[in-house]
Structures are given as structure tokens and as C-alpha cells.
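Accompanying notes for the structure given below.
Letters A, B, C, D, E and F name the chains as they come in the text, with residue numbers starting at 1 for each one.
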Amino acid sequence: MRSFQRGVLDLRPVTLTPGVSRHAEGSAQVEFGHTRVLVTCSVEERVPPHLMGKGTGWVTAEYGMLPRSTHTRSPREAAKGKQSGRTMEIQRLIGRSMRAAVDLAAMGPRTFTLDCDVIQADGGTRTASITGAYVALVLAMRNLNSRGVMSKMPKLTPLAAVSVGVVGGEVRVDLDYEEDSSADVDLNLVATGDGRIVEVQGTAEHKLFDRKMLDSMLDGGLAAIQKLTEAQAKVLG
Amino acid sequence: MRSFQRGVLDLRPVTLTPGVSRHAEGSAQVEFGHTRVLVTCSVEERVPPHLMGKGTGWVTAEYGMLPRSTHTRSPREAAKGKQSGRTMEIQRLIGRSMRAAVDLAAMGPRTFTLDCDVIQADGGTRTASITGAYVALVLAMRNLNSRGVMSKMPKLTPLAAVSVGVVGGEVRVDLDYEEDSSADVDLNLVATGDGRIVEVQGTAEHKLFDRKMLDSMLDGGLAAIQKLTEAQAKVLG
Amino acid sequence: MRSFQRGVLDLRPVTLTPGVSRHAEGSAQVEFGHTRVLVTCSVEERVPPHLMGKGTGWVTAEYGMLPRSTHTRSPREAAKGKQSGRTMEIQRLIGRSMRAAVDLAAMGPRTFTLDCDVIQADGGTRTASITGAYVALVLAMRNLNSRGVMSKMPKLTPLAAVSVGVVGGEVRVDLDYEEDSSADVDLNLVATGDGRIVEVQGTAEHKLFDRKMLDSMLDGGLAAIQKLTEAQAKVLG
Amino acid sequence: MRSFQRGVLDLRPVTLTPGVSRHAEGSAQVEFGHTRVLVTCSVEERVPPHLMGKGTGWVTAEYGMLPRSTHTRSPREAAKGKQSGRTMEIQRLIGRSMRAAVDLAAMGPRTFTLDCDVIQADGGTRTASITGAYVALVLAMRNLNSRGVMSKMPKLTPLAAVSVGVVGGEVRVDLDYEEDSSADVDLNLVATGDGRIVEVQGTAEHKLFDRKMLDSMLDGGLAAIQKLTEAQAKVLG
Amino acid sequence: MRSFQRGVLDLRPVTLTPGVSRHAEGSAQVEFGHTRVLVTCSVEERVPPHLMGKGTGWVTAEYGMLPRSTHTRSPREAAKGKQSGRTMEIQRLIGRSMRAAVDLAAMGPRTFTLDCDVIQADGGTRTASITGAYVALVLAMRNLNSRGVMSKMPKLTPLAAVSVGVVGGEVRVDLDYEEDSSADVDLNLVATGDGRIVEVQGTAEHKLFDRKMLDSMLDGGLAAIQKLTEAQAKVLG
Amino acid sequence: MRSFQRGVLDLRPVTLTPGVSRHAEGSAQVEFGHTRVLVTCSVEERVPPHLMGKGTGWVTAEYGMLPRSTHTRSPREAAKGKQSGRTMEIQRLIGRSMRAAVDLAAMGPRTFTLDCDVIQADGGTRTASITGAYVALVLAMRNLNSRGVMSKMPKLTPLAAVSVGVVGGEVRVDLDYEEDSSADVDLNLVATGDGRIVEVQGTAEHKLFDRKMLDSMLDGGLAAIQKLTEAQAKVLG
């Protein structure tokens, strides 16, 4: 039986709490079951060097896990003096996904930084981060727009993310840590509510997978993402 | 008027929420007004090299701020590749304070690591961290004791911490960020509920201070710490 | 017209040169058009800490670009003192792929390290690296086997990798740097010659993509990989 | 019996040697018994970014120990690639103390850097550093003033520092290494000759301390500091 | 017998292959027997800060070894996060030598960076690097000159480098790895074809050496360098 | 006229002060004119991994400059987080020279670390370091021998070092900073009193040099080194 008494294609209980930070221009706490991520969106009125003078904006992301967000304590990356390859890979994924969600040319020469910090981890921290980051990004843009800093909202493409895996030959959506550890295939999907794909990253952890299996995983993942974008829409009003 | 309509020697509303982490042996969220710190206590069955074979245990602490816990975003220390002097100073203070709270020789050859991560900052993050860390430490010890891992609870010395400052010639307790920025003197005090001092660190930020002013600050600080240890006792049962 | 006068689903000229290093247990130089990667496989008779005493072996990879392998010089990572997120992401991908190519439990408690160093870059350095790394890995295993160090060859799963992109609405295989820079979608595929997938990583660079487009990219990619595994088989005899 | 046949509230023999560097704008060697610190004051005609355009100056400090200044050799921080938390804490303390000694607004937009390098350590290196740094700072200012670079001397507040400890229940001033290692309480005090406090940092190393004990420590420390400021005045003429 | 059946004062077979990189302004692969180094010369239209506004140019070098260029794999410096002392020493030597080869004042305010990457090592990697770097540097300058970027070729001083050692009491030129490991004296010489010295670095590895031995080493080294500069001249036309 | 009214082949006033550290097993302060270096020799009863179990000992060196030992302040390497190439090059030179001075096989499985810290720099810091390090090394060995830790003194080869330069066409010995900055050729020589060479490193800074010039420099350098070894002998008794 899966955690939360759910079926193989069901999400864990999803909670999106907007506006959890007093300081950030936009913020959201996102929970996928016991996985809990705090996302803040910070805005700076400048762009990276390669975009200077082009009029376009930039969206970037950073990701971190609190040392004891995990089952056993992981060393603090700040203390080790470097970010792991996994951290870099995840924050690059979140950044690319968020840049696909917004018309960079229309948001003015400013940078939106999405900090995704994992408070508690139980599988799916990167997909929860992306799902929450979209909310925090939109809230930050509305904040700037309402304060007259950004005169017009740029075009937005609502998107979310979910993990899909093959466990015991069976396609499952939104894996928790225990399922994730034993999955034969692990796939992370970022997509829009209407089924257009932003990112697909599938890895054969213990068994290779064929096209048919990939199709089943995509079916399950896209259906779950539709539900996640509905949850985002409800929160964003 | 001070935030939360309080008097010069009053604390901000204090909330101590125990058991906020599914994974950590002990944990607590502590709020001093808008300052919010998540503390987890992780236990490892080994000690640092200099204590090996001595039978004694160790308590240490790490401290971090989420990048947007502050009014404007601060660069992530993990991305910069090093911890600031301020971070190191604070985590050394927390570690020393917690070692004063427990009989190291009686807790067995194990290490308790207190991770204090600032979710939201509004002044007093180090004093809130210490106050919450004591709770998380005790909960972790009870956890080990109840599971039979640590057969006997070591002797504990309840302690807490508060900031005191001189603002406009007036002694104030538990300063928020705005007060802290304009204080002439900044003092951090760690002590027991019955007035024994663990640490005192006073700094003349803009004006030197005399013995009489120091005495007033200590009076105010120790009274506030008594209230904090009462709040800890209530939470710890 | 594409470089090398090829069709949209054609590979660039592929050259696999085995045994290019006097020192390494296995080695190969791989060229995909003007992209040239030197792969060496080094063997150590020990395993990482988490595998000690389990009898199983390990395969890992490192990736680097010579500073002027690129159109304009990139700073040397050794001089900067850290590897970029892109480097880490690529070497993690190569390592995972190679671990899928071999039965780790049957290769003895030893580590095979695949160093993939890009001598000249013109798009597709990660896919060329994987394709060459498989050759270097097999050669290193044969070397150990022929010298009696590894008594039995472990089971091998021949695999290769190729990039696929959407350029101007058209699916193209094995993109060079210029095509890669203007592609709307960028997909890297690692698979076996008979169409089983090891890794799929697709990214919407400028345009989202639907299931039909993904199917076309997978069709093109898998067909190309079949040709690459044939080239590997020819070289490996 | 204490080292140098002194009473519990006596300083070790103190030597302040001004002008020990041919290159620095100001310099002093300070000895507290066997503790020997070389302090240089370097002046740059620029200020840190956060002060640019404000007309005010800046004073900062760096601290280091030669590897064999200590009883057993400590690893060189430059070779380890980072400064310890202790080093950072001490140099932050010295910097704050020196900024309290001078009117920053009146010294022009320039930076004074105090390098305190411990040649030989026997307890009290931070307090010796502060005591010597004040001398080096004043000498550097006089140097600039006499050369017409700084037209007017800024207002100076003479200050010095001393350690105080509780050893065997007894308050002692200016602890050497052996006393420091066995002290129950360790307090560092920075103050002016007339008893105004700049910094007070007291730590319960093995036993908590009460207000009465703190008062005794402050009495002893302030009396010693008065003697140190007299020694400074003698050297500075 | 020496490798390649050569006499004590003979070079190993030397191969200089110009133009091996599609991207670099100048490049050469150099082989001294089994030692193989790829040198690229990259040009930037700017100079280091200390030369800004002086009209003069700059030549610098970086050096690296592929992890498995050596007999046993060496850790990748980019992964370790720092360059070894040996690497720094060698790249400083190459840079100084190349600056001696060209009139910096006449080459315009631009920087030529010589990247010397060791593909395969068998002794003499620094001398091969210098010998190849001269070729790459000249080719880059001709490239700029022919494209009209640098209107006039600066004055060039052809130079090359060779190692000399004392093995078993006998002076030998151009040592391979095995000879190098057992040499009593190790000397690296950088000079012009007509015998003027740019750098001489001699080290007593196991036996001190007298003036007479030094003279024999210089005789052998300078004769070999004459042959190397002839090989360079042939390649450069 | 040269500093200290000396002839072109004369040394600056040389002072060797033994036993300047209370803690180190051996120590010496060395002055070549205004250049002043503090050398300590620390002994550990263990050897680096590559020498374990071989019975032989090891001698190594580290070098550092106090930030304001130079004319203008140099950034502290510990604060920058890495040692410069120059630092590494110099400490490698000192270490090699000291290993040539002693029979490693006869000194037991222990490590002697020579810390050479430049208190004040005026040219020739590396040659002064080597000259002083020999004294500190011998004193440390005598210390161990007299305490019975090392039962027999290993064979020692007295050696010293000096810089030689060509300034205005004239060979000069022991250059100060000003001469060094304008020298056409810069040569550092490490040798024994009887003229056997340990290290020779000559660099054409602005003009190439021929064999005859090299001979003159060696003549001058070796004569000066003879005087330095006499000074060492006097101090060592």
C-alpha cells in the first residue's frame, strides 16, 4: 500500500501556502505529503552581465536542503565550502523551468531569484520546488505590478512538476523517499496543465525502460501535473 | 512605541513549537516576534577525534540564514563557498552555550548537533536560536532515553538567551531589527533562569557604556531570561 | 544545409579510435564531426566507502573541457577552483550511463574511472563522451581479464548516446554547436542498440514540445544510437 | 604561584615597542609576558563599497598566528585555504574595538588596516593585539598628519584590553596559556582608561558565574586596563 | 640503453604539428617521444589591470595534465579545487619564457594565453610545453597579423627548452620518465638557438653537483636546444 | 652606490639569531640587511603517507609573508583562501634545499617542518629563508639528540643561499628590493661552502644572458655562500 492510502497514479496531499515570508516579494510553502519546501522570490533591479543593455530580464534559482531535512543528517554545504553536483543539477533544472514559464523580454531588466529551501524531505523535493516556485514567481510579479514597479504583467505559462517511477513493474506518480529508493526507473517531468512538456528527465536506476513504459510514465505524469496546475490556479485566484 | 505595543523590558511574543521535524531526534521552532528559527538536534554515535576513548560526549551547533530570511536577499553561503565570520561567531556561541547546559561526561560517547536555521529574521536570531536549541536538545535526549539508547538522562541546566540594547539612552530587551540597527550598545546574554551567567557579550556600537549601564542591561536581560526559561519549561512539561 | 551535407536524421562522421593512451587500462578517442573527446578508463583495486565489504564494484566518470576546446576560451576550472554546474551534471550523467552498461556485482571490488576530456568542442560533447566511454570501459575490462586480474568478464549492455533537437520546427539528430545554439528543444538520449532507454533528458529551450514531437525525437534518436552501437561493435571486434 | 611572581590582579610585564616596521605607516610590537604580537597599520586611500561617497573612513583588522607561535604547531591557515572561526571572531573583535577608538567621520575617506600577527603565543593574544593596535593606529594617523595627507587628527579615545579569568575560585587578570586552559570563566574586556566599556565578552568555560563574580572580574579588568592605557600614553608621548 | 636507441646527448623523436585546433588563434601539438602536449594560444583584446593604459601587451600560460596522462591516475585538479604547487611552478616558468620570446611593447594592448595540456606524459612535459608554446604563439601572431588585427609582427626571439640530467654519473639530454625518476641531478634549460639563456633551473635530486658537471649539462642542453629551434623553424616556414 | 656602502660582490650585513622561539624545537631569526625572516623548525613523530614503514624521515617547508612585510600591503593569503604560485614555488625550493642538507634515512621516521615567515621584506627573502632554515634545522636536531629522542645526529651538509643579479651590465650579489626590481637577470643559488651546487635558478628578466655572464654570477654567488656558511658555523658553534 502506498503512503496516504493512495492509488498508483495519485498525488500525495498537496498544500500550497502563499505569502509565507514577510520580506520576500513573493513566497510560497509547498508540501507534497511530508516533503516541505519554502520558496521565496527575490527581485533585483539588475541583470547578469551577459544581458546588460538588452532590455530583457532574468529568472534564476538556488536550491538547498537544511542539514536535517533528510532521514540522517547531511553535512551543511556552506560548511563544506561547496555545493554538490546534485544541488547544482537541481537548481539548474528549476531555473530553466521558471524561465520557460515567463516572457523574459517583457519583464524588464530585472532578476527574479527563486530560493527553494527544503525544510523536510520525503522524496520529490525538486518537483515540489518547481511547483511552488511558479506560485512564488507569479506573486512577486503581481507585487511589482501592484506597486507600479513593473507596469505590465508579462505573459505567463502555468507549469508544475511531478516525479514518476517504475516500482515493481508498476508506474507510480509522486514517489515518496521509500518508493524512490527502490524504483527501477525514475523520471521527473515539468509540463503545463495542457500537456506541453518543459523538461523530461528519465533515468534507468536498475532496469532499462522501453518506449511503452516511457509512454505510461508520461501519461501518469501529465495527468498529475494537470491537477497540480489546478491547485496553483486556486491559490493564485 | 516598540513593536507589539510592549514596554522597554518586555519580550516580543515568544512561541516554542516542539517536534516540528519528522526526522530529527529532537526539534523545535522558535519565534521571537517575527524572527523564526528552526532548530533540529541530530545525534551521531561517535565523537570528534580529540574526545575519542574518553567516554565523554560532545554538543556542537551550526547556524545558517536562508538567503531571503533577511530584508534584502543575502548571498547563499553554500554558493559563495564559505561561511561568514558572523556565522562562525554565532555558531560557536550556540555550541558553547549548549555545552554549558548539559553534563558532557554523563551523556555517553555521542555527538549532538544543533542546526539552527533562520527562516525569517527580525533581530535576535542568535538568542532565539539558543532558546530553541535548549528545547531541541532536551527532546533529543529524552528520545534517546525513551528508546533505551541512552540509559540515563544527564544532568541538565536550563538556559536561554536574550538581546539587550541601549536605544536613545534607554535600556531595551529583545530588540527587533529596526531597534538593533540604531542601538548604541548591543548586548547578548545567555543565562539560567536563576540568574547565573553562561555568556555575556556586550559591544559599544556607537557609544561606550559604563558599569551602571551594564548593570541595567544585565538586570533587564536576566529578568527576560527567567521568562524564557519558564516558557521552555512549559513546553518541555 | 547541415554540416557535412547530411540529412536531418543523419549523424556527423563518427570516428572511434581505441587504445590511444599508453598508460590507461582502456582508452578511446571519439569524434562526432569536429567534436573530439579523449576518454581513458583507469582501474583502482578499491571501492568508495559506501560499497566496502559488499563485493560489488563501481564505475564513475569525470568530465572536463580544455580551456580552448571552445570557440572562445573558457576559464580553466582548476584555476577557478571549482567545477561548474554544467560539468557536474554531465559527469553525473556519464557515470550513471556507464553503471547501467555493466553488472557491477560481477566485476569485483574495484573502481573504473572514465575521464572524458574534450579536446575540441562543436556540440554533442556529452553524447560523444558516453559513446566513447563505453568503448574505453570494455577495453579496460578486457585488459584486466586478459591479464588474469579479473577472472571473468561481467555482463555488458552496449549503449551509446546522441543529441536530438528541434530546429525551425524540424527534428534533427546529432546537432553541431551552431544548430544547438538555435534549437527550440534539446534532447539527449542514452540507449541500447535495440531501443531500450537508459537516460532521456529533454529541455524546451525556446518552445515547449508536445508528445508527438517527443515521439519524433525519440524515433530519430534511437535510430541514430543503433548506428553508434554498430560502430562501437566494429571497433570492439 | 603565578608566572612572573605576580599577584592575582597584576599584569605580566608589558612591553610596547613602537615603529618596528620600515614599511608600515604605523607599527608596534606588543608583549604581555611571553605573548608577542606584531601589529602594523596600513593605510589605503579608499573605503569599502558600502561607505563610498559618504566621506567617512574605515578601520578594519586582520589576525593571524604564525604556525609555531603555539606550543605545538598549528596548520597554516593559508595552506588550509580558510581561516578558522576563532580567527574570524578575534579579528572582528579587534576591528570593532579600533573603530570605537576613533572618529571615523573625521578621518577622511581612507581605510586603516591593522594586521595583528602573533609571533609567540602564551595566552591573551587578542587582548595584546588590541592594546598594540591602538598604538599602531595612532602612529599611522600621526604619520599621515605630519606628511600633510590628513590635515587634522581625528578625535581619539585611548583604549586597551585585558583578559580576566576565574581560576580555582579566584579572579585573576591577564592569564597566561596554562591558567587560561584551566580557568572556569574566561572574560575579555576592552575599555578606556577611565572605565568606559567598549566590549565585554565573558564565557563560562566550566562553571557558570553570578553577578558578584562578574563584578569582581570587571573591577580587576578595568584596573588593569588603566595601567595599560598609561603604558600606551608613555609610548605615544 | 636509452629509449629510442639514442645516445646520451640525443633528443627523443620530436614532432611539432601546427594548427591542431579549429578554434584557437594558434596551436600546436608537440611530442618528445611518448610525451605529448597540446598547446593552444588564445588572444583577448585586453590586458591585466597592472598594464592598463600602458600600451604594452601580455603573454601568460596555464598548464594542466589530463588525469590519466600519467602512469597511474592523478586526481583532477578541477575536482580537488586547487592547482598543485608543481602546476603553478610550471605555468609560471612557461609564461616567463614566452614573455622573453616577444617584444611585449610592440604587440599592442592584448593578452596571449598559452594553454599547455599534457595528453600523455613520459618526462619533459614542461620543456615540451615551452617548445610547442613558441610555435603556437608565433602562429597566433601571424593569424592576427594576416587578418589585419595586429598591423605589424613584433620582434620574436626563437627559443626552446630541454631537460638535462645526470644519471649514473653520465650527462643525458631529454630524459624520459624512467630516467628522470632515477637522475641524481635534474636541470631544465630554456634558451635560444644561438646559446643565450632564458631560464636555467638545476636541482640536486640525490647528489650535489659541481661547476664542471654544470658546464657539461649546459653544453648538452644548449646543443639540443639548437636542434629544437631548427625543428621549430622548419614548421614555421 | 649600493645600500650599506658595499661593493658589488658584498653581502648586506647578515645577522643570525638562534633560539628566538620558546616553543619550537629549533628556531632562528635571519636578517640580510632590512630583510628579516623568522624560521621555526617543528618536529612531529610521523611521516607523510608515501614514506610510512620505510624508516626514513622527511623535511618540508612552508613560507609566508606578513601582509605588511612589503612596501605596500599584500592581501593575506589565509583570507584569500589560497597560496600564490610564488609562495608555493618558494616553499618547494626551501624544502628541497633542506632535504639536500641532511641524510633523511638516518634521522628516523619523523618530520621536520621549517616555517619561514617574512617579518620584513627588502629582497632576498627566499635566500635568507634557506640560510636561516639550515640553522633552525640543526638546532632542532641537536635538541632531539640532547633529549635522547634521536639517538644519533644524522650526517649534515651545511648549505646557504644567495641571490645574484645583473644590474646595468654588472654582476651584483645579494640584491635588495630596489636592485631586484631593475635587474636584467635574477639568479638564486643554493650551495655548500665548498662550492657544490644544490639549486641554481636563473631567469632572464629583461635581457638574455650568455655562458660567460652565468659564470660570473656563479663565481660571485659561490663566494658569498662561503661567507654565509661561515656565519652559520659561528652561530652553531
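Going forward, a residue touches a chain if its C-beta (ideal position, glycine included) is under 8 Å from a C-beta of that chain, and two chains touch if they have at least 3 such contacts.
A quick map from chain label to UniProt name: A, B, C, D, E, F = Ribonuclease PH.
Quick caveat: nothing in here was measured; it's all calculated off a predicted structure.
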{"item": "Smallest number of contact steps required from chain A to reach chain E", "value": "2"}
{"item": "Residue-number overlap at the chain D/chain F interface, same or different (half cut)", "value": "same"}
{"item": "Distance between the centres, which are taken as Cα means, of chain C and chain B, whole angstrom", "value": "50"}
{"item": "Inter-chain centre distance, chain A versus chain F - centres from mean C-alpha coordinates, in Å", "value": "59"}
{"item": "Centroid spacing, where centroids are CA-atom means, of chain C and chain E in whole angstrom", "value": "33"}
{"item": "In chain C, residues with contacts to at least two other chains", "value": "81-82"}
{"item": "Category of the chain touch graph - line, ring, star, complete, other", "value": "ring"}
{"item": "Going round from chain A, first to chain B: chain order", "value": "A, B, D, F, E, C"}
{"item": "Residue ranges of chain B touching chain A (in the complex, touch as defined)", "value": "21-24, 27, 34, 38, 40, 42, 44, 62, 64, 66-73, 76-83, 87, 113, 115, 117, 119-120, 122"}
{"item": "Contacting residues of chain A [partner chain C, same complex]", "value": "82, 84-86, 88-89, 91-92, 96, 100, 157, 192, 195-204, 208-211, 214, 218"}
